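Alright, structures below, take your time with them.
Here come two complexes built around chain A, the first alongside chain B, the second alongside chain C.
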Partner chain A sequence: MEELLFGIGISAVAGALATVSGAAEDTESDIGSQGDPNSQVQLAPQMGYIHRIYSKAISGEPPAYGLWCAMGAGLAWALMAINYNPVLAIVLGSAIAVFVQGVYATTAYLGRTASLAKFEQPVYIDLIKSVTTVTMAHAFIAIFTCVAMCFLMVNALGHPFPLPLLGLVWGIALGAAGSATGNPFYGKERQYQSQAFGAGVPISASGNIVRYAEAGQRSSLDNGWFTSKMGGPASGVCFGLIVFLELWRTIFFEGFAAGWGAVIAGIVLILIFMIIDRYVEKWARKTYGPYTEEAAEEASA
Partner chain B sequence: MSVQITASEGGMPHNKVMAIGLIGSIVCMYLTYLNTITGTEIFSFFGGIAAVFALWWGTDTIKHLCSYGLGTGVPSAGMIALGSGVIAMILATKLSTMGLISSVMIIPIGCVIIAAIIGAILGYIANNIVNMNIPVMIVSLAELCIVGAITILGLSAMAAGSFVFADLVTGSVTFFGVAIADYQASVIGGGVIAVIFMLGAIAVQHAFNACLGPNESQDRTLMLAAECGFLSMIVVSIMSFAFISAGSAILAFIVSVLGWVYTYNQYLVMSKRDAYMWLDAKPILEKKEA
Partner chain C sequence: MSALGGGHAGGDGMNPVAAVVGLVLLILALGIIYVLSPGMAFMALIGVIIGGVMIGFGVHFVPVGGAPAAMGQSPGIATGVTMLAAGAGLAGLFGGAWAAELGFGVALAGGAIGGGLMMAITCLMVNVVYVYAMGIPAASGKVAKDPITGDTFEAYKSKGTEGHGLPFISYVGGVIGGMLGGLGGTLIYLELLAVYEAFLPAALNAQAEQIVPLAVGLAGIFAVGLFLINAVLAAYNITGTIEGPHDPKFKRFPRAVVGCAVASAVCGLFAIILVVI
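Presenting the complex of A and B:
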């Protein structure tokens, strides 16, 4: 019983860490315009819209975060192997991983922007100075919490995988959660606030992203404030739930049917979420109506 | 809507890049064997240099392959390179214990041959069974598989000081002053190879992915590839403190930092050369209506 309570407690802490991690990850990627919204940022100069928005194309978010978290975990593992204190090792490992992330971010911005010279997009060097540091700070929080969560899984819950491998697996999951949950909010809403809500992005509007702010010109830093309101917490809840439910079902049901209990519980959880998703989707379609009617009205008018 | 990729004109021909990358990386792989000959670990950093050569060559291969309109396929090219490469690399490290040739000198060259075969099979599957029909697919995937295999072999050798399978799966844990052989403390058993995998996979695709666009130029892209290689070396050199002596790890760290500072600086200079304008704290320059 005590072991079970301990396991549930660790699951809760890991879930909380994962929530912070997910929120920081999405905020980081939106400030840097990583992931799918990046295509519009790159397209804008080609359509004649010169902008001052960061463009950080380092693969997709899942592989990139797979690297950052694996790196943080691997460095922490190596430092612990030479008898560093685990807390210090995780902090140092994450810090070095963030250094690498920052270098990749600057080279990605410089590379893509310099290759768009034909479309008269200048390199704004002050963007590198101001935005890179902010994405690095958010990435540090994301990596540190993710590695700390993996460390808890290995050392408190006795997960059989070594720490760097867990870092890779959960890093990819973290990037995927942030990319799937948070990015539509930035890519479809923030970049296209000039379009009517729910209108989608017609081809003619491609690349016409919002480049001017309420006062002055929009900087990628504004995306941090915007994302931390909705997209970031949503990603955090998504990743936190994934981690918590994953650990919870394993700890609670592993004793049943020689370990198959945890597998069955996992399948039941997936079914429950599928039902919830279906219900939410039907509710949203019913409440906000189909788009086709509006299109038909426009055509007749 | 994807960015149109135009492979830049001129520059070094791909075959020359391939020759330099292949020969350079194999020579550097053999130089790590000086560790065994001299009984030290200070030559480990040559493994990292081998990986830099391989990544530099792999970037040009990806550029060559992706000029056939694979916009979003750039990161996946890096993944398949390292994913297939790791199989070839692990098989190659066991070659010396398989009975045919007992010398460990077979490992680097064997790694290249096995990787070429695996890559060619994957290329055949992609081209003829999945029907992607890209003329350079088979050759490019064979090249990428070699690149991935050498990158992982090189960085693993850099971390562990040796490219032999037995050394990669045995670490040592000091327990009350007594060193005990432990699988959990090795490069493969500790999962460090997962970090090396991702370091290689992101590094091999990043340079072309970051520089693609109408004004991409070969020297800038390849300089960025070398920069990514040295950056990966920095991380591996810090992790190698867990496996090799502190002096050797510090030497590897210094070599990688020097290489990184030089290539990063060169990359900044080339970006400044290629950029339309280089502005500091200036407003958006709206295009004049033509």
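Presenting the complex of A and C:
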């Protein structure tokens, strides 16, 4: 019983760490513009819209976070092998991984933006100085919490995988959950804030991203504030639920029916999420109704 | 014609020459392992091939809209095919590896459910963001009616887009894709783990208990590698975006099945030969 309670407590802590990790990951990727909507940031100068948006999408979020989390976990594991305190080892491992992220972000911005020289898009040095460090700070939170979560899985819950491999596995899953959930909010609601609410962006508007703020040109730094309103927390809840429910169903139900209890619990959970999804879909159809052009024009006005 | 002046890249057909070359490679890989170690290692390679095929087939179910989905211009999840499939499959592998000591069947089912659960939560949160943060209901661009719920989409589609959001058929496709990915990844892991646990003690002249961490680490990293290889191959077959099992592109899966079987056989050969020789 005591072991079960301990396991559930660790699952809750790991779920909480995953929630923070997911939220920080999406915020980092939106500030640095690493998700799929960055295609529009890259396209805008080609359509004649010069901007001051950061651009570091030379890799998808999942492999990038797979690399950084595996690196953070690997370094932490190596430091622990020479008897470093685990907390210090995870902090140091994550910090060194963040420097790699910083190098990645700087070279990615320079490379991506320099490739647009023929469209007269400048490389802004002040952007590198101001935005890169902010993405690094958010990346540190995401990597540290993810590696700490992996450490709990290995040392407290006894998962057989070594820490660096778990860092890779959960880093990729973190990037997948964060990009899947957060990208539409960043793409449609932020880059195309001027388009009608409640409708998709017409393909003919591609490249015409919002480039001006209340005063002066829009900075990517403000994406952090915007993401924290919905995309970041939603990504955090998504990754937190994945980690917590995966651990919870295993720890709580594995004792039933020679391990099949956890499988049955998983099937029940999938069916519950399926029912909630169908409810959300029906609610949207009923509440918003069919698409009407007049309503879209009113909303944009 | 492609930009490089090559042949037609898309379509559903299978290049006969490429298929024959692939099958020769597949038979060659199986033959080499059969000659070296006809028992356990040979069966493990067959397991690796089946796992790889499951991953490649499963990726076709995952509804991925890529960059256009992030602007609500096309339906699906706004990320890359490989990215999402890998995320779900590896979450499944985590669960399957954890349950490995409880038996083959439980571990495989645990891996499948782990991948399915990851996709179930992710797809739900995607719809939550579309509906509650963006005010956009789901509308498929490929079919007029949802094959499961019977919902019609034409009236809900925004002007100038190919549809948006995640219709229920895509949600179910995502869960099935995650389950197949988790199942395939776990199968590869279990087969390789069994081979390493059997052959490593003799190869390294060590006790069976001593090599367990090495066997688990090696099998895990090879399983992740094989997963990514098969997911990328399937993504090339899809070329861009797919809505799920109702998408016409889904019919291309036989080509991916052959490709993934060959790639898994060749990569599996190297993963197994490492300890068998």
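Just so we're on the same page, the second predicted complex is superposed on the first by the 290 of 301 C-alpha atoms of A that agree within 3 Å, B and C clash if a C-alpha of one lies under 4 Å from a C-alpha of the other, contacts with A are read in each partner's own complex, and residues count from 1 in each chain.
In the analysis below, a contact is a pair of C-beta atoms (placed from the backbone, for glycine too) under 8 Å apart; a residue touches a chain by one contact, two chains touch by 3 or more.
Quick caveat: nothing in here was measured; it's all calculated off a predicted structure.
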### Query
Touching A:140, do we find chain B (first), chain C (second), both, or neither?
neither
* To do: Kindly classify A:161 by the partners it touches after superposition: chain B alone (first), chain C alone (second), both, or neither?
  => both
* Asked: Touching A:60, do we find chain B (first), chain C (second), both, or neither?
  -> both
Looking at the overlay, what does A:186 touch: chain B (first), chain C (second), both, or neither?
second
TODO: Applying the touch criterion given at the start, work out whether A:285 contacts chain B, chain C, both or neither, answering first, second, both or neither.
DONE: second
In the superposed arrangement, does A:103 touch chain B (first), chain C (second), both or neither? first
**Prompt:** Is A:234 touching the first partner chain B, the second partner chain C, both, or neither of them?
**Reply:** second
The chain contacting more residues of chain A, comparing chain B with chain C, is C
Open item on the list: Output check: A:39 vs chain B and chain C. Expected answer is one of first, second, both, neither. What do you get?
Closed with: both
*Once the structures are superposed on A, label A:81 by its partner contacts, choosing first (chain B), second (chain C), both or neither.*
first
Contacts of chain A common to chain B and chain C in the A-superposed view 39, 60, 63, 161-162, 165-166, 168, 203, 206
Residue set of chain A touching chain B in the complex reads 39, 42-43, 46, 48, 50-52, 57-60, 63-64, 66-67, 70-71, 73-75, 77-79, 81-82, 96-97, 100, 103-104, 107-108, 110-126, 161-168, 203, 206-207, 211, 217
Touching chain A in the complex, chain C uses residues 66-73, 77-80, 82-84, 86-88, 90-91, 93-95, 97-100, 102-103, 106, 109-110, 113-114, 116-118, 120-138, 149, 151, 155-168, 171-172, 175, 213, 216-217, 220-221, 224
Chain A residues touching chain C in their complex are 35-37, 39-40, 60-63, 159-162, 165-166, 168-170, 172-173, 175-177, 179-189, 191-192, 197-206, 230-231, 234-235, 237-238, 241-242, 245-246, 249-250, 254, 258-260, 262-263, 266-267, 269-270, 273-274, 276-278, 280-281, 283-285, 288, 290-291, 293, 296
Touching chain A in the complex, chain B uses residues 1-3, 75, 78-79, 171, 184-185, 189-192, 194-195, 197-199, 201-202, 205-207, 209-216, 220-221, 224, 227-228, 231, 234-235, 238-242, 264, 267-268, 271-272, 274-287
